[in-house]
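Note that subunit A is present in both complexes that follow, paired respectively with subunit B and with subunit C.
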Partner chain A sequence: MFRLLGALLAFAVLARIPVGFDVGFKFDAALAVIWAFGLLSLVLLTGYVGQISLCQATFAGVGAYTAGMMVSSFHVDYLVAVVAGVVAAAALGVVVGLPALRLRGITLAIVTLGIALVFDRYVFQDHAFEWFTGGTGGWRVSQATMFGLQMDSSAHLMAAYLVLLGLFCVVAVLLVNLHESGAGRRFRAIRDSELAAATMGVDLTRYKLLAFGMSAAIAGLGGSFYPLVAGSVSPQPFWLFTSLQFAAIAVLMGVRYVPAAALGGAFMAFVPDVLTRYGHGAFMGHAYEISYDWFQVAVGVLLIVQLIALPDGVWGDLRRRFRHAWSSVGMVGGRRVKVA
Partner chain B sequence: MTMLRVRDLTVRFGGIVALDGVSLDLNRGEILGLIGPNGAGKTTLFNCISGVIRPDHGSIYFEDQSLTYAPPHERARLGVARTFQNLQLWGSMTVEENLIVPMDALGRRNTFSDTLYLPFSGYAERASQERARAILHVLDLDRYARTAAGDLPAGIQRRVEIARALAMRPRLLLLDEPAAGLDAKETARLAGLLHAVRQRFHVSMLLVDHDMSLVMRVCDYVYVLDFGRMLAKGQPSEIRNNPKVIAAYLGEESKNQGGDIHAVAQARNEEPPLLEVKKLAAGYGGLEVIRDVDLEVWPGEVVACIGANGAGKTTTLRAISGMIHARAGHVMFAGQDVTGSTAEHISKLGLVHIPEGRGLFPTMSVEDTLRLVSNTAGQEVDVTPAFQLFPRLRERRRQLVGTLSGGEQQMVALARAILSRPRLVMIDEMSQGLAPTVVRQLFEIIRVFREQGIAVLLVEQFVESALDVADRAYVFEHGTIGLSGPAVELRGDRKLVAGSYLGSAVDATAIATNRNGNGHRPDPALMEIVSVRVPARVKRALELRAETEGRPAGAVVVELLEKVDHQ
Partner chain C sequence: MATFAAYTVIGLSLGGIFSLAALGIVLIYRTTGVLNFAHGAMGMFSTFVAWQVFYGWSHPFWPGWFSTFLAVVAGLIFAAAMGLLLELSVFRWVRGREPVVKAVITIGILLALQSAASLIWHNNQYHLPIYILPQQWVLSVADVPIGANSLVIIGAALGLAFGLGAFLRYTGFGRAMRAVSDSPTSASLWGVPVGRVGAVSWMLGSLVAALAGILITPFINFDTTSLTLLIIDALAAALIGGLVSLPLTVLGGFVLGLLETYPTIWIQSIGFPRLVALIVILAVLVVRNPRGFSVAAK
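== the complex of A and B ==
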């Protein structure tokens, strides 16, 4: 109940924020939710189950291209396109999960990196898959409808943002529930000791594939809204580097915590845009220019600082400190001793 | 009647035959012991039964069903549960959650209904919690239910492992070295616990352990493995008197009379001590583990540190070698004050610390490990003296350290120590997890060290063997030194034997039955939890009180906790 109220409150507040800003910022807001879905998929896969994946952007990309293809080629309702995108991404996720049955750690990271590279180079950018990618220009989505309503990209950006945000809140609550549930415990058991999990009756094959499938579906859900928000699909947002950025920012914000995904999504969408908009001018007579490149440098530096100062991620550590301070305030001497 | 039937099991790892046609029968309701020297194949047989590795040949039947090719989780559902020698609890989850995972695996729980919190999911959840609490109660673990398993000390974690295995409602429980790292008193309690578990949960057990006192006390029937073959089987009393078993496993009893006291006494008058520790105090986080430790080692002397688990022996070694900071007191080595110096600096002065677990690099070959010493020393050092001392290592020079048996790994650690030409070697729990014959060989090496003029400071659980080889010994009690003196004298001291749990089975049972006899011994588990949970204000008050009363903080905490519990 508490979680549901929290999610509703978050939705109500976040839904109002982009109102009154220009189209660029509204686009950023919608993009932030899409990236947040990508990070959320890592919360499940890495934070809960302890599996490493460097191809989450590929799952989002498959979702995006499938949705784009469904709308442009078959003119279906956008809702149907989203469902198709999620199913396609989940299917790919299960396939990627197969090597994870045998591999772990650095080898799994390399394999998923290879998958990201293959999709980036030889699927999203290759002529052989033009039926899927819509050729060099990608799919243009102009006349999309959802629930029978017109959802044109630039004019109805807020509507798309609200749908995305609503879905994100629902999935986030479900993931928090999952953490505490029986399946969540089995996931965490795999993370802490695979050996013990197997001998204690947890079917590793089933739960690892389930985790990869669910994680890819979450990333794909976000990705399948990309054509709606941006008006078109291109390979660039889903290239290899985005996958790496997902991994870096998930760790930066706290890979075990659901709200950290929202934080990370906003960070990924807004900071580069703000930098390119206001990052140039003159300071004490010297012209300066802070471009997108500086964003990547900043992420790297922040990651190093975070690993030293906040090892459980920005969200995880701040949450712990806040709770610690809170419990000290509310402490009546000796009460907690009994707990021990 | 036969519950588990193993026939002709053969397992090969590359060229090594780990198991060679082993057969075994376990009857319903029986506690079966499986013993054997290190590398005899006990753990391999265990892993075959629980499905972690597959045999090359042979078959395993459980209740007339073939298990030979069933995956691990399938065996678990049929009723075969196991514990792990190197604890494999899910550290970030609470003890209660650790029990609920295997329970759920039995029932049909649905991921999607769980995630949506449908009513029947909540009902199943509460039922699981109730059952988990019941099991924890039987094993006297109630108070840890909400603690993260990884935060508990190893002794408690072993009990949680048993509780978790029981949560699967097993019919057969496989216990892999449940007494490893426990002292004699805890082992005696474990034996009682296992009997209680068999009655309450109606399980049969297969027990692998080095601790003969546990095996002899608990098991109905014992199998002995040696070099992958079944050497003998029979009642515990038969096994104890079987000459083949004694030769292979226990070796012959040593009657060494200890060091030459007079020689050492003479040396002591002529020279200043090599290592002199004064009023040393150290600890971790909010916990002071040792205080007022005074200790001296003269050149060429073998000194043993003995005492119960958690008495502060390991912490003392770590504080001396600079791995942790001393909070008070002084450490003098070779005439220099090294208090607060870095570990590298101290090791350059000629003090080598072989930590618990040996501190080796598993993916490096034996020879490379030894050559590494010469690299750190700055010039090429000849490694042949090490091979002369340990001919076995010469045969295995190209093998990776991680693939060696425990005893051979300890040899590598000792060989590496001697190559760096130390003046003092500190060895922490050299014999942990090793069979007695191997331990005896290692103690011979300690004598060689002494002959070469190298002083040795030993931390040991095999008290008898340690006192055999040592010149002098310090007995640790509750974080400080309770007794000290020449080893020969300490061996005859009955108070010592009773007071610090020296392992003869009779004394240990006597202590275990008198459960509150030693009521102020701080339970490390409690202290650890308290050190995490208690706010700083309370902690300061505790420390203050401990200081005014002149007792360790842990004792005060335990006393307070007992008061709180009564209310």
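== the complex of A and C ==
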């Protein structure tokens, strides 16, 4: 009940925030939710099940390209395109999960890195896959309808944002609930020790594939809204470095916590834009210009510092501090232990 | 037939690069337990330093060989310094942590180095090669031209594999490195300087990565990302060696180089070799599931 109320409250607050800002920030807000879906998929896969993956942006990209293809080639309703995108991403996730049945830890990281690179350099860019990627220019989604309503990219950005945010809140609550459910307990058993989980009768094949499929579906759900928000799909947003940034930011923010995904999504969408918008001028006579690359340098350095100093991530650390402070507040005026 | 032979030469050169990059990965992984995803990025950064010295700061009146020498030395010194700095500032503090955590840290290094390089040198594609030997030196074997620079790469890969192997086997410090790779705890109990071993392997590994990056410049149009992404081919070669064996790693590098080059006779695609690398990785990991790996993955 608390979770539902919290999600509703978060939705009500977050839905109002981009109102009154310019189109650029509204775009960032929608993009933030798309990235947050990508990070949420890692909360499930890495935080709950303990499987490392460096190809979450690939899942998002497959969702985006499938949705773009459905809308551009078959002129379907955008809702159908999103469903197709999610299904395609989930199918790829299950396929990626197959080698994961025999691998764990670093070896899985290598394989998923290879998969991300193959999609980045080959599938999303090669002529052989033009039916899927729409050629070098990618798909342009100018006319899209959802529930029969016109969902043009720039004019209806807020509508797309609200739909995205609503979906994100629903999926986030579902994920928090999953943590305590039977499937969630099996997932966590796999994370702690695959051998022990198998001994206690957890069907490793089934639950690992389920985790990969669900995780890819979540990433694909966010990605399939990308054509609607940006108006086009190109390989650049879903290339290898986005996948690496997903992994880095998910760990940085706290890979075990659902709210950390929202925090990370906002971080990933707003910080680079704010930097490029306002990060230029002159300081003591020297002109300076802060470009997008500074953001990625900062992510790398912050990740290293965080892994050494705060192993549980930013959100995990904040949560621990808050609980600590809260418990000491609770002590005030409470039961006092008499000494002597 | 002539095409085939020419592609074999290209494949072997490429394979030599993969082998060199993979040797550094294996060296660092064995002694410090860090699987270095940033290996390509480290090589890339050092390559750009060498390139900067060669094309940016060299005096036009210097003889060509002197500029080349200076550039290569500068790149290698920079690489060693960077390896040492990373070990001292980062990896010394996470020695007891799980391998996955260390690997994720290297992803942070990859991201930071890659964007730092594109801040300094921008996202342009460069085709300004550094030739170790003059480009005109070409050996002709049965009408197949073999560039001297290809021979340098192949020779460097083979030489380093056996040189490193001999270093690990016959010198005191090499023995210390092998002791640390077996068990850091018991090695330190025997008085092996574990910290110094880690520092030396990072310096050596980074040096070899820089060498690979500098040697590949005549063969590709390079930019900050393409050199960084060499990591996947290097990892594939290292996996063939089970992340343990140096000779098998070099063999794996050459095989992978040939496997990635031959399809380009028929398929004109930049991305297709990546698929070959992925298939090799999957074949090694899933089908063979090397024993050596489980030993090394402590």
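Rule of thumb we're sticking to: the second predicted complex is superposed on the first by the 331 of 340 C-alpha atoms of A that agree within 3 Å, B and C clash if a C-alpha of one lies under 4 Å from a C-alpha of the other, contacts with A are read in each partner's own complex, and residues count from 1 in each chain.
One rule holds in what follows: contacts are C-beta pairs under 8 Å (C-beta built on N, C-alpha and C of every residue); 3 or more make two chains touch, one makes a residue touch a chain.
Just so it is clear, the model here is predicted, and its values are computed rather than measured.
S.K.: Tell me the contact category for A:Ile52 with respect to subunit B and subunit C: first, second, both or neither.
M.R.: Second partner only.
S.K.: Per the contact definition in the header, classify A:Val202: touching subunit B only (first), subunit C only (second), both, or neither.
M.R.: Only subunit B is touched by A:Val202; subunit C is not.
S.K.: Of subunit B and subunit C, which one contacts the greater number of residues in subunit A?
M.R.: It is C that touches the greater number of subunit A residues.
S.K.: On the A-aligned overlay, A:Arg320 touches which partner chain: subunit B = first, subunit C = second, or both, or neither?
M.R.: neither
S.K.: Just to be sure I read the superposition right, which of the two partners does A:Ser328 touch: subunit B = first, subunit C = second, or both, or neither?
M.R.: A:Ser328: touches subunit B, not subunit C.
S.K.: Using the superposition on chain A described above, determine whether A:Val111 touches subunit B (first), subunit C (second), both, or neither.
M.R.: Only subunit C; A:Val111 stays clear of subunit B.
S.K.: For A:Ser181, select first, second, both or neither according to whether it touches subunit B, subunit C, the two together, or no partner.
M.R.: Only subunit B is touched by A:Ser181; subunit C is not.
S.K.: Spell out the residues on subunit A that touch subunit B in their complex, using ranges where they run on.
M.R.: Residues 174, 177-178, 181-186, 188-189, 191-193, 195-204, 210, 327-328, 331, 333-334, 336-340 of subunit A touch subunit B in their complex.
S.K.: Provide the residue numbers of subunit A that touch subunit C in the complex, in ascending order.
M.R.: 52, 54, 99, 102-103, 105-107, 109-111, 113-115, 117-118, 121-123, 125-128, 240-241, 244-245, 247-248, 251, 291-297, 299-304, 307-308, 311
S.K.: For the complex, which residues does subunit B have touching subunit A?
M.R.: Against subunit A, subunit B makes touches at 50-52, 71-73, 75-77, 81-82, 84, 88-93, 97, 100-102, 104-106, 109, 111, 114-117, 121, 124-125, 128, 143, 146, 164-165, 168, 526, 529-530, 533-538, 560-561, 564-565.
S.K.: Which stretch or stretches of subunit C touch subunit A in the complex?
M.R.: Within the complex, subunit C touches subunit A at residues 35, 37, 90, 93-94, 97-101, 103-105, 107-116, 118-119, 225, 229, 231-232, 235-236, 239, 269-272, 274-275, 277-278, 281-282, 285-286, 289, 293, 297.
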